[in-house]
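Just below sit the structures, each encoded as structure tokens.
The two complexes that follow have subunit A in common; it is paired with subunit B in the first and with subunit C in the second.
Then we have the complex of A and B:
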């Protein structure tokens, strides 16, 4: 039993690490583009697949939604919570389109991973992102 | 668990610095490749697998399933006398449904009466497909409980990976047009994908003794998929009108030969979160009407006056077919051994609605109108250690037949051994199994022989091994196999028979995939097949395909080769696609098929059984030299 589990886990681990590390790096790049701090408080919904990247980047400190500088959510949260000052990214395009508080999204579109950022909120809040993010603004 | 966390941490710390410096574009490209949907659907231990990813198909701007055949070792892209895609076509010979099976998701696309529907859909639209897996060499019963040599498994696009509305259209020479659109979205707990296509495929015409032979195809397709983490409910509808090339004309001089068909397929598939339990329920409805009229006779029918037969020049046949499929598999784990148990029932119902010859109805009440197949299989995987794995599969089928058709029991077995260490993997399988004829062959055999001839099942034994290894930027594969084919069912002027000789085949296939970077690569394949039929037949083939991005363009170039057979020269098929992404929303593409006009050709033959006069039609190109210009707009 131990061998079979170890084999499955190591195969999954090697593959997953590959994918998860890439996802972790994308999350980290997004967080550092918005939040100009060395250590960033970040929240990712537990139910979201993206939550598997937790602990893979030492510059990101995983906290509650209330304490987060930037949050990655997959479902709409209550309006009270949404009014708090933090950057809200979604992993759902539907949420990005329908929740005015969501500033950007990291999701799959047309079979590819994609990032979109609302330029209207960037202007409103006076946020200037690194050049490599310009192409994702809309 | 502590140890696992430690390993994860160590590997993570090794990885992070490597990818820190990568741009966001590169990271997204890397994720697109490593997290492709095929990663979650492929079954590495099921057999020898070739994957066409979403990105591959996008770059090819693939128009139809038959384009993939050039890249499947040992197959040739050719069409039968009805203009339908049939890689194994030989004059007059029955289509064996077990040779190639065709799936969309977990739904087998087949016609209950004739078998695999790859022939029917081979040249039709496939823009709703995300990726395709091809399994060679008698794959696991987990994929197909009924045994088969090759499985083409296509997966539809899913809403959670699309999240967009798209409209695409293209035109091709000979007046071909193709238009499709889809909408897709992910809500909180589910996603949907709704797709529609209309294709008017016009092909080069063939002149024969004053008749114009056409392989045009027109079809409207709908596909709808609703899915969440555990379930997929899908519905597909295709309304097609096919021109059937030479039809059944004895001199291959048809005046008009067409098939109109309506295909409706539906499927509900459930997979538990831990993947240990899978269940699916499928219903397929198919109705088709074949109409043939020719300058020469299509056949003869008995008559009450001398000479007691008369030729007929028009033929109208209609069928209605139903398929009910239900399947459940469950995996159990006992120590280092996992046991997969599967049960399946497939009920096929078919009716002749029309049978008119020279305008006179000869419709008979045919008692043989259904077949029920019950299957049971088990697959035991034993992990000896982290390098060695043993696999034993056993399968049994009971064919419940009606009327005078003999009921049948089939069994098969598959023994596998997988060795893997670092970047090297060795897969080896031994297979033994039997193939059951299609209901159409059983019915025709029973009618021709007045119930006197019984066909034996075809029997296949195979031994094969594949080495896979990585070196530098290359991934190599070497596949060697030997198999024998006993009791092959053949058709001649006196009816259906089992071939007395046992055929044997030796095959070798070598593949190298060289990655230049995350997005660019070159694929190379070469194969040979040495067969013991037709005085030792030797076949060879292969391809080189380059997928590359440069100057802001997405490009695909592919040159494939198959050796000549009989008097047919070798086939060289060069396909190329250039895609220009004008903006995030709009892309424009130019695609060429068979640009050298040297793709493999086919010969066709027909015999007048009264005079034994032979008619031939030689060197007919299976792939037209075609240019497509199209766009895709997303919003």
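Then we have the complex of A and C:
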């Protein structure tokens, strides 16, 4: 019992301290699942809270939206910017639902990470993700 | 001396052990108390969650929009139910929402009473961190709860199935924040750390006391033991005199005959060898419980238990005298010396102070010397 409580407490405290690290890990995992390159060009909107993870993974090179292999956006981009070869993730559920170019979403809700991926786009583009992402597909 | 050392060592050890055990007992009790309090807090939280969930479920059943929502999962109907749920959201129940299981087996939000920034849309897919728990609530149609270990600021999640005609149509979820638990932990953790530190210090002190006790024991032993013969010395006699039940012991005062001549003729090294030899013979002749003390330069005192008979005591004295006189002392390869001893015994069983008794035995020794040495003189009442 003591162990459970201690684990729970430490996990809770650690988790609360390391939310940023968890976010950085998830961003890294998503990027590496979609883009099969050692160094990935990534874009995260400066205004987004997620931008705090910048620099936490040396394999992710933060670039402009145009040069990015994968982008995490917080507002809809113009269709000319949304090239097919770029994977677009949103940081809000609304954008995920309403922007057909957005392939997935990652945001922090109710103290937990929420990840959702559109399986229709995955099929359309012939993307096969690691098994651990299956539960996020819809 | 053994008694004295044993007593002082036991005292040291006893006090420190009691302190250490007390500290450990305190620590175990404290940890047990923390456990019990944790249990109690959890129990209270679960009880509260149960009551709140019952209230919400009954309100939902009364609400026509909830019934409508089961058929038409639209955002505006969901918003009305979300507003109802939001009344129950507070610092304790951080997130209150309803989930349903779709045809594919995925869990989705039906309504969410959380604050705007955390509110999920209707039909938004919910990725359960503990899918088995949700399934359990559905299968067993009973309230279930679990500790939440991978969410920020959450302690427990409480699931209550919402039934309609015996069928679970959705699940009410209450996410309980760590606030209550942290309030308790904020008090307990520093206390627990202090207690840990206290226990470490106590263990350290215990170790120091053990080492100090050992050193003290060695020092006391050294101060009461004659370095040449390893017999007790006068300090020990002084200690004995302070003890109870010592006055009834029978004293034998022993002196090596013509020892001055040995020292003057063969030197101090030879003298020391003679003294050591005599001491050894006395040790062989006596038993545990008897005390042998190097009283002076070549003078010894043996204190025998009064339980021995007069004959036994005289026999012991005779055995010592004969063993020393009959066998020469080997000084070196070329020199063997034969020494004799004189013994004075006070066999008086009168309860007089030990020093008085020793004095009488000493007088008997003087008489033995006067009467030609290498003999025993006994005083009897």
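Here is the rule we use: the second predicted complex is superposed on the first by the 114 of 138 C-alpha atoms of A that agree within 3 Å, B and C clash if a C-alpha of one lies under 4 Å from a C-alpha of the other, contacts with A are read in each partner's own complex, and residues count from 1 in each chain.
Criterion: contacts are C-beta pairs under 8 Å (C-beta built on N, C-alpha and C of every residue); 3 or more make two chains touch, one makes a residue touch a chain.
Please read these numbers as outputs of a predicted model, since none were measured by experiment.
Residue contacts after overlaying the shared chain place A:29 against subunit B, while subunit C stays out of touching range. Legend: residue contacts after superposition of the two complexes on their common chain; A:62 is shown touching neither subunit B nor subunit C. The partner that reaches more residues of subunit A, of the two candidates subunit B and subunit C, is B. By the document's definition of touching, both partners, subunit B and subunit C, reach A:115. Of the two partner chains, subunit B is the only one that A:75 touches; subunit C does not reach it.
Applying the stated contact rule after C-alpha superposition, one finds that A:107 touches subunit B and leaves subunit C untouched. With both structures placed on the common chain, the touch criterion links A:93 to subunit B and to subunit C. Subunit A residues in contact with subunit B (one complex) as well as with subunit C (other complex) are 1, 4, 7, 9, 15, 19, 93-94, 109-112, 114-115, 136. Interface residues of subunit A, counted against subunit C in their complex, comprise 1-2, 4-5, 7-9, 11-12, 15-16, 19, 93-94, 97, 109-112, 114-116, 135-136, 138. The residues of subunit A lying in touch with subunit B in their complex are 1, 3-4, 6-7, 9-10, 13-15, 17-19, 21-26, 29, 56-57, 74-75, 92-94, 107-115, 132-133, 136.
Contacts from subunit C toward subunit A in the complex involve residues 31, 34-35, 38-39, 94-95, 106, 114, 118, 120-121, 124-125, 127, 129, 147-155, 175, 178, 181, 185. On subunit B, the positions that touch subunit A within their shared complex are 4, 7-8, 11-12, 15-16, 19-20, 22-25, 27-28, 30-32, 34-35, 37, 39, 54-55, 58, 130, 157, 160-164, 166, 185-188, 333-338, 383, 385-386, 389, 634.
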